[in-house]
Amino acid sequence: MKVQGKRKIWHDYQKEIADDHYYYVRSCIRQNFFPASEYYFLKILKDVLGKDVFDDPKHTTCTGIGYHADIIPFETIQTVVARHFALMTEAGYKNFAVSCVTSFGIYSEITETWKEFPEELEKTRIALKKSTGREFKVPANITHTSDLIYKFKGDIAEKQVHELINKKTGKPLQIIEHVGCHYAKIFPSKGVGGAEFPNVLTGMIEEWGGEVVDYPERRHCCGFGFRQYLVQGNRGYSLANSKKKFESMKPYHPDAIICNCPGCTMFLDKWQYVLSETEGKTYGAYGSGIPVLTYEELAGLVLGYNPWDLGLQMHQVDSEPLLDKMGIEYDPEKKYLGKKDQYIGQPCNIVASL
Amino acid sequence: MIQLSMKKNILTIGGGVAGIEASNILAGMGYSVSIVEKEVTLGGKVNQWHKLFPDLRDASDINDYLKKRVKQPEIMVFTNTEITSVKKTDDGFYAKSNRAVGFEAHAILLATGFDVFKAERKEEYGYTIYDNVITSVDLEKQFKKGGAIHTTGGKTPKRVAFIHCVGSRDAKTGNHYCSKVCCVTGVKQAIELSHLLPDAEIFCFYMDLRMYGLEFEELYKSAQEKHNIQFIRGRLSEASENIDNTILIKCEDTLSGRPLKMNVDLVVLLVGMEAGSGTHAAGELCKLNFQENNFLACSDIHLGRNCSSREGIFLAGSCIGPMSIPETLDNARSAALEIHKFLSKN
Amino acid sequence: MKSLYNRLCEDVRFIEGIKACMNCGVCTAICPAAEFYDYDPRVIVNQVMQKDDTVIEGLLKSDTIWYCGQCMSCKTRCPRDNVPGLIISVLRKVSQELGYFTESKKGRQQLVVKRNVGDTILKYGYCVYPRTLKPELHPEQGPAWEWVYNHPHEVYERLNGNFEQEGAGTLRKTSPEVLGELKAIFDETGGTEFFEIIEKYSLEKAQKMGMATSDNNLDAYINHVQSQ
């Protein structure tokens, strides 16, 4: 494999990412399953990088999961999106930072639709005004929050406390990066590095000392499939897609998987658990799983934050093997404790964990 | 400045098959011709080929032919030279070059040819990234060099996939047109490869097989019957690299309506023709119209194939569109006649 | 009476998604649904291209259109700029508008989606909310999630969340005013009506299948369709 070829492609796909002053919209799945990731995203941007990010309680879900499961009309989601643009406009912002990758796809798809079909934009203006009295401007810049961490990866590297290196061997960690389908497959030019060889996560990983592993099913969907997961009877589809990826990546012995889509992170974590329970198969070393992290968790780890503050205890596949490799200290006793170090229960399988 | 006697002068930009053939005929008619060629040698792309479809004759036959054709006293050759400006004059045109030589011409012939599609633009195929993905041009070079065909790991390929329509018939690369000659090139190379790798399985992944020319269809038939080449109707969607450096290809077998995945040792991308950078540059300098597909526009696609959008500037060869060597020779000869018709009027 | 094909054409996503197919197969080649189901996006595009209402009606009533996972891998590759995934979205919409979705096993599952995600959106302002992800319905979420589900306030507090609280923050409570605006948008743009259509046709089908109680409780119907 010649990496220079990839670098040329990355050079050609330069996406415009705003520098500061972002209106932040949250992700349903990231909040449910990786809540600390959103907290630390804001913390890193504000406290570490000195940026202005507005966290508005008045926004809601974009309804993207419902939309892709075909229960939300296109007109409805356009108007919900327009409402968020109105809130952004009212708060005095022009740059829109999106936490969820499905949402990012939605905001991109709708703004592009409005360019191709201005009558849809007009209809939406009228609908929003009628239903909420609000008016909106289209953002000057729409980025996914992983684009921002990518953009500032150098600044983060300057404050890095831990490197993505295996302390025992001295070699870079072998990391699988998985980019959400709706990040770049819909509009390749809206993804850093395009759709085939995206650079948004590779850039971060390499900047912080790690090595990215390419494997045959890298571009394959994790299998969320919206209705294919939401409805019990369809879940085999979702599982099968993730399994395909695990089988493909296993020979490369990866140390971790990093995702920018919260859904992908959740599925690649949980389906490893299901496969170990139902088929006895595991994909990491020594019969364990491959830790799956959000890019915020990865950034947080390299900046030296406490893994349990970063929410790694909520993952099903244990991250401790990765933490050990990186030489990160953590207190196993405190993993499942509450804010005041009080006992708040623990997962029932703790004795025999992955 | 070059100005010869009372003869009419013609400036031919491009010293490949079209440029040399047209210039030879014009010289034979009594014109004085200057051929300006930006490369160090004449001959154009045929210099890179080993054997030609449909009969697998040596490409060097064409080289030899062109060498003879260009040896005329009325033809002056300027290699390693590029035209930098073209201005209209009372008699015709005046062109400057990047060397210390300018050209007065009563007519200009653009024979600036094609470039091969840069396969790295088709990112999902991994050219220049995955070791065992090569183009038909790369393979032809290997054939010409001679010797055994190996993967980059030094292995003898047991399974090879030829991929049709690379860079052509493709909204994503911006080339909607069919490049015509790549299909027969693929069939030819598959047959040649089957001689070098008698134990290998060789596949051609196609959408439509453009066997338009004399003996092309027969070549395809022979590929199937005598050389065991297998043809699968499905365009390559994606190539990725396995841990052992073999390539995983994904397409659909559209005739059976099923997705198909295969591990192969070598992938050969049949890359199409694009309007060359020389064609683009010369067309701009001469202020000519281009087609939507970036080749030069003729004044009438049925009746004026060698006339550009400007009087006195003529077109020959693949700067007009993808064409084979015999077609280029035909086209060059008719260009010479058009130029003669034009110059006889004045 | 509008033809089905014309109905599809009214949706800009259909206009955007269907140019003309050259049957190259690159979409089916990388479609996850084509890998795991008897599904072929290329064939579906060709069927729609016929503009034949009998064929289209067949699609709208079939399981076929419900296999797509909306990954949009097809959009990235199509050399004619078609988007099978978008065409599927429009087919699914029309299938529901006309009540045809209840004719297929997979189509009938739309009620499950509406009652989970749809109702969660209007009730909480989220598509997915901790309160709705019951471990017994999501065993795949594992013991880690079960722990969170049983101790949400403590776990989310530990991670600096604002679960079910007012103000900004992770998993904050969506205020009644905001939920009101969301509902107003749904009412204005046909979202509410669409939910009602899904319920209406599902009830009719459940009654036909003998899976509705006399007071229109659809639990038995839901139990049945979600496992198909």
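Each chain carries a letter (A, B and C) given by its place in the written order, and its residues are counted from 1.
Here is the rule we use: a contact is a pair of C-beta atoms (placed from the backbone, for glycine too) under 8 Å apart; a residue touches a chain by one contact, two chains touch by 3 or more.
Just so you know, these numbers come straight off a predicted model, no measurement behind them.
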What chain pair has the highest count of contacting C-beta pairs?
A-C
Select the chain at the greatest separation from chain B, using centres from the mean of Cα atoms.
C
Cα-centroid distance, chain B relative to chain C, in whole angstrom:
50
In whole angstrom, the CA-centroid distance of chain A from chain B equals 46
Determine the centre-to-centre distance between chain A and chain C, using the mean Cα coordinates as centres, and give it in whole Å.
22
Sequence positions of chain B contacting 2 or more other chains:
124, 238
For chain C, which residues are shared contacts with two or more other chains?
30, 35, 76
Where does chain A touch two or more other chains at once, residue-wise?
195-196, 219
In their complex, what parts of chain A are in touch with chain C?
26, 28-29, 31-33, 35-36, 38-39, 55-58, 60-61, 63-66, 68-76, 78-80, 83, 105, 113, 116-117, 120, 127-128, 130-132, 181-182, 184-186, 188, 195-196, 219-221, 223-228, 230-241, 244, 270-271, 273-274, 308-309, 311, 313-316, 336-339, 342, 344-350
Residue ranges of chain A touching chain B (in the complex, touch as defined)
1-6, 8-9, 194-197, 214-219, 251-252
Within their complex, chain B touches chain A through residues 120, 123-124, 126-131, 238, 240-243, 248
If you look only at chain C, which of its residues touch chain A in the complex?
11-13, 15-16, 30, 32-33, 35-37, 66-67, 69-73, 75-76, 89, 92-93, 96, 106, 109-110, 112-114, 116-118, 121, 125-130, 133, 137, 140-148, 150-151, 154-161, 166-172, 174-175, 178-179, 181-182, 184-191, 194-195, 198, 225-228
So, in the complex, the side of chain B touching chain C is made of residues 124, 165, 169-172, 207, 233-238, 250-254, 257-260
